[in-house]
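Two complexes are shown next, each including chain A; its partner changes from chain B in the first to chain C in the second.
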Partner chain A sequence: MRGSGRIIAAAAASCLLTAAVLAQEPARRTNNAPPKPSGATPRTADGHPDLSGVWNGLGDNLNGVPNQIANNGVIIESETSARDLHSGQTIAVFPRNTTRGQNNEQAERAAALLRRSGSNRPLYKPEYWEMVKNLDHNSNEEDPSNNCMPAGVPRGGIPSYISQHGNHVMFIYPGQGGLIATQTMYRMIPLDGRKHTPLQDLDGTFTGESIARWEGDTLVVDSWGFTPNTWFDQIGGYFHGENMHVIERFRRDGNTLTWTATVEDPDVLLEPWTTTPRVALLNPRADSLLPESQPCSERDLSHLVTKEHH
Partner chain B sequence: MRATILATVILATVGAFAVESPRAQSAPDRAKVIRAAADALGMAKWSDIGTATTRLPGIDIVNTMEFRGSGTSDSAGRAVKTEYHVALGYNPAAMRVEMIRTGADGGAAQHTIQTVRDTYAWDESEIGAGMVPGKGTATPANAALKERLLQLWTLPYGVVKAALAAGDKTMVSTEGGATVITFPLSGSLAGITVKATLDSNSLITRVETRADNPALASLATQTEYSSYSDRAEVLTDVKTPGRIVRKQGGRTILDIEVKTWESNNPYLVFPVPANVKATAPANSR
Partner chain C sequence: MTRVRITALLAVSLCGVALPGRVSAHHSIQAQFDINKSFNITGTVAKIEFINPHSYLTINVKDADGKVQKWAFEMTGLAGLRRAGLSRADRGGLKAGDELTVIALAARDGSNSGLAQELKMADGRVFKLIADINNP
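Up next, the complex of A and B:
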C-alpha cells in the first residue's frame, strides 16, 4: 500500500515536472510570414518618419534559414500553407514527420535548397546564364563575401542599426564570423539634396556612392559607383558590372521596417530586378545595443572537399 | 484504316488503366502515400540552422533542376544516338530539352532545343534565342505545347506535385502488390490522366498517361524510372533517376542513361521571347 502511494506520488511529481518544463518551453513561431506592425510610427521634427533604431527584433536576420526563405520570396504561413510571393504559386507543405534532429550535413543541404526554392530570380542576358549557375554551384570558392569581404549593396539587406539626422542617415551592418564570414559595413548617406558624382569620376567601392531622398514617407537611397567584386543577393551567384545602379526603398510602419532594392545593370541584366520585400522588426528593448562583431577569419575554405554550400 | 488503328490504341490504353480500378481512398491514406513518395524523392525539407525560436514545417523544395545523359531517341521510327540535356522548373512550369542526335541519316548531327513555359512552346536555335536582337532565333511551336508540358509533369517530382494539386481527385490503389497513384492533370493538360506506380521504397518507377479524348491520343505514354540516387555534384539528398525509358504505343521513343542531375535549384530561367508571346493562341495570352 505504501509502495503504491509512493508510485502515485512519483507519477504525480513527474507529471508536474513535465508540465513545468513544458511551461518553460518558449513559444515557437511556426511561420516565416513578415511581422505585423504595431505601435505608432515616430516622426522627426521635420515631419518625416524616424527610421532610427536597432532593427534586429527577429533575432536571426542574417543567418536564420526562416528569414532567408522569406527573403527568397517563399512565405510559410502555417503548418498547412505556403506560397511564393513573386509568382503567387502555392507551395506544398509537409509537416515534420520525425522528432529526430538533423545532423549538420542534412541541415546544410536542406538549407541550401530552401534558400533557392523561390521564383524571384534576376533575368540575366542569355550569354551569362551558364556563368551565374556556375558561380552559385562553386560559391564556396567564388562567393566574394566568403573571404571576410563586405557584403556590399544591396546584398547587405536591411541595416541592423539606423541613425537618422537632419542631413544624413547612418546605416550599420554588423559583420559575421564563423560560418558566414563577412566584414562589418557602414554607410553614411547624405540627405541634403545633393546630386550624384558622374559615374565615370567614381572609383568603384563596396557600398558605392549613396544619396538619400524622401518620396512621401519612403526613404529612397540611390546608389552607384560600385566595385564589381560583390554579388547583389545573399545566394545565387548574382554578379554585376561596374555600372550597376541600385535603388533601395525603406518604409517604417510602427515597429516594422520594409525594404526593397531594385538593381539596374543593362550590361548584364535583360531587365531591372527587384528583391522580394523584406521586413525587419525593431528590437523591442529601447536600450538595446549592437554587440561587437566577431573577428572575421576565413578558415573553412581550405578544408572543404565537396561543393556543398550555404 | 488509320482510324481503326487509333481506336485500337485508345481502347488498349484505356483497357490497361481499367484492369484494376482504383478504390476510393480516405484523405489520410492519400496524403500518407503522396507524402511517402515525396519523402522517398527527398522533396520535403526543413532546416533548423539559425532558427532561434522559429520551427518551420517542411516544404516542397524542388523548383529547378538540370540533368544530362546519353542514349537513344526515336527519329522517324529509328533509334538514334542521342545526347540529352534538360533544364526544368516548376515555378514557373518550364522545360528546355536540348538534344544532339547523330546517325539519323548518316549525316551531320541534329541539334534541337525544345522549350516550353506555362502556355508557350517554342524552338530555340541556341539557348536563350530570341531574347537579345541578333542572338539566335526563337520559333513558336504551339502545337507541341501539351507534349512538352507532359514531359515535365510526368517526371517523378511533377507527379508528386500534380497529385497533390489534384486533391480529392487523386486516387490511391494497389495493383499486383504495388501502390498506384492515379490523378487527372489540369490546365493545358486537362483530359490527361496519370497513373504512377511506386516501388516498395515509395519511389516512382513507372508513369503512364492516358488521354480521355481521342484527339489527345498521341499523349498516351509510359515512362520508366530506375536506379535512383543523389547524383548531383552539390549533394542535396534529393533522389534522382539514373535511367529514363519512355514508350509510346509500345515503341521506345527515349532511352537515356543519366550522367549528372543537379537538383540544387540551379539558376535556370525560361523567359518567353516577344515573338513567341505575339504568336501564341489568344487563350494563351
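Up next, the complex of A and C:
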C-alpha cells in the first residue's frame, strides 16, 4: 500500500462499520471467510446460551464487498479470487491486465458485479421478474435504504448488540452509512411463550411483530406484520409484500454468532428463501459499549446523474 | 474565485478493490462526481456535520459580486475523518468561520457541491481526507 494507505484503510473501515464496530478497531484481514469460533459458550442461569454482547466485529470491506453485513454469500479469498459460499464454486473476479490497482470506476463496477455473483437467490413468481430487475437497475432511487429508512428484517442482518433477559431479548441495530443508509432499529422480542397477533390485526412496520423461542441451543425469532416498504436483502431489488413471514435462527458458538433468515412470502415468491449463513464475531473487548449512532440525512441522490449503483 | 484543474485520476481510491478496500458510499461515486475533475475553492467554514450516510462540510464562498454562496462537500466516513485529525475544534478540528481551501471532485450535475479530498486551512493545517489525488 502507498503512504495514503492508512487513510484509505480507515475510510474503508468506516464505510460499513457501525459505531459498535468502530469502537473495537477491527484487525486487518486479507479475506472475509467467516470467523472460526473460540472459547466457551456462556450460558444463562436457565441453561440457555447467552447471546448478550456487542457483535459484528471484523466487519471489513474487502474487494468492495462488506463482510457479515452484506456479503451475500460471497467470500473474498484474495485480491483476485472469490468463492460462492452457497455452492462452493469459485467466482471469477474482475480481470486485470496489470498489477496496477483498479481505478474507482473499475472498482465500483467490479464490486457491483461481485455482490450479484452469489448463487443463493430468492425465486420470484415469473410475473415479478421484470419488476425485480427494474428495482435493482434503478436502485439509486428505488432502494428504500438509500433514503435513510430503517433496513427492516431480515435485511438488518445480525444485530450489533444483543441483551438477553429471562422473558425477552433486545436487539439493537445502529444506523449505518456505507452501502446502505439506515436509521437505527431496535427490537424488543418476547421470550415468554406468547403467540403472534393475527396478521390482519397488525399495522405493517419495519421490524414487524416478533416472538422468540428456544429450539435446543438455537434462538428462533419468528416475525410478521411488516411494511412492504423494505427490501429483504442488501441488493437485487428483493421486495416483498405485507404478508412476509421471516424466521431467524441465532446460534452462539463461543465467540461467534451464526445467523440465518428464512423468508416466506407466497404472494411474490415461488418458494421460501433462506439466506446463506452469516457469522458475526463477538467484540473481543469485554468492556465494549455501543456508542450513539449518527443520524441519517440523505443529500446526494438528487445529484446523481447516472444509474450507476452498487 | 474557483480554480478548476483537471487531474487524471487513475485510482482515486474511494471505493474499491485493493485489499483491504476503499471507502464505500451509499451511492456510486461516479454517478455523482467526476472522478477525473478536481477543483479548489476557498471560503470559510459554515458547518461540519458528522452524520450518516456521509459527513458533510458546508462552506461560505464569496462570488465575484461579493455575494455569499453555500458550497456543500461530501466527506469520507467518520473513522476516516477522525484519522485525518478532524475532531473537536479545540483538538484541532474545524470551527465555523475558519478560512480554508477545499480540494474536491466536482459534482457532475454542476451544483455547488463536491467530494472533499483535502482541506487546506489558512493557518497551514492540512487534512487529507482520502488518497493523494496527485499520486494515486
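Before moving on, here are some points about what is shown:
Quick note on the criterion: the second predicted complex is superposed on the first by the 246 of 310 C-alpha atoms of A that agree within 3 Å, B and C clash if a C-alpha of one lies under 4 Å from a C-alpha of the other, contacts with A are read in each partner's own complex, and residues count from 1 in each chain.
Following the convention adopted for this analysis, contacts are C-beta pairs under 8 Å (C-beta built on N, C-alpha and C of every residue); 3 or more make two chains touch, one makes a residue touch a chain.
Bear in mind that the values here come from a model prediction, so they are computed numbers and not experimental data.
Of the two partner chains placed by the overlay, neither chain B nor chain C lies in contact with A:192. Once the two complexes are overlaid on the shared chain, A:110 sits against chain B and chain C alike.
Legend: residue contacts after superposition of the two complexes on their common chain; A:296 is shown touching chain C, with no touch to chain B. Of the two partner chains placed around the shared chain by superposition, chain B and chain C are both touched by A:309.
By the touch criterion defined above, A:175 lies against chain C but remains apart from chain B after alignment on the C-alpha atoms of chain A.
Judged by the touch definition given at the top, the superposed model places A:146 against chain C, while chain B stays out of reach. Of the two partner chains placed around the shared chain by superposition, chain B is the only one that A:125 touches, whereas chain C remains out of contact. Counting contacts as defined above, chain A residues 28-30, 60, 62-64, 66, 79, 94, 101-102, 106-108, 110-112, 306-309 meet chain B in one complex and chain C in the other. Contact residues of chain A toward chain B in the complex are 26-32, 58-60, 62-66, 69, 74, 76, 79, 82, 84, 87, 89-97, 101-102, 106-114, 116-119, 121, 123-127, 129, 132-133, 136-137, 236-237, 270, 306-309. By the touch rule above, chain A contacts chain C in their complex via residues 1-4, 6-17, 22, 28-30, 60-64, 66, 78-79, 94, 100-108, 110-112, 140, 145-146, 148, 175-182, 293-301, 303-310.
Within the complex, the chain C residues that touch chain A are 9-32, 35, 49-54, 56, 72, 74, 76-84, 107-109, 111, 113, 128-132, 135-136. Of all the residues in chain B, the ones that touch chain A in their complex are 35, 38-39, 43-63, 66, 91-92, 126-129, 131-132, 135, 161, 164-165, 233-238, 262-269, 271.
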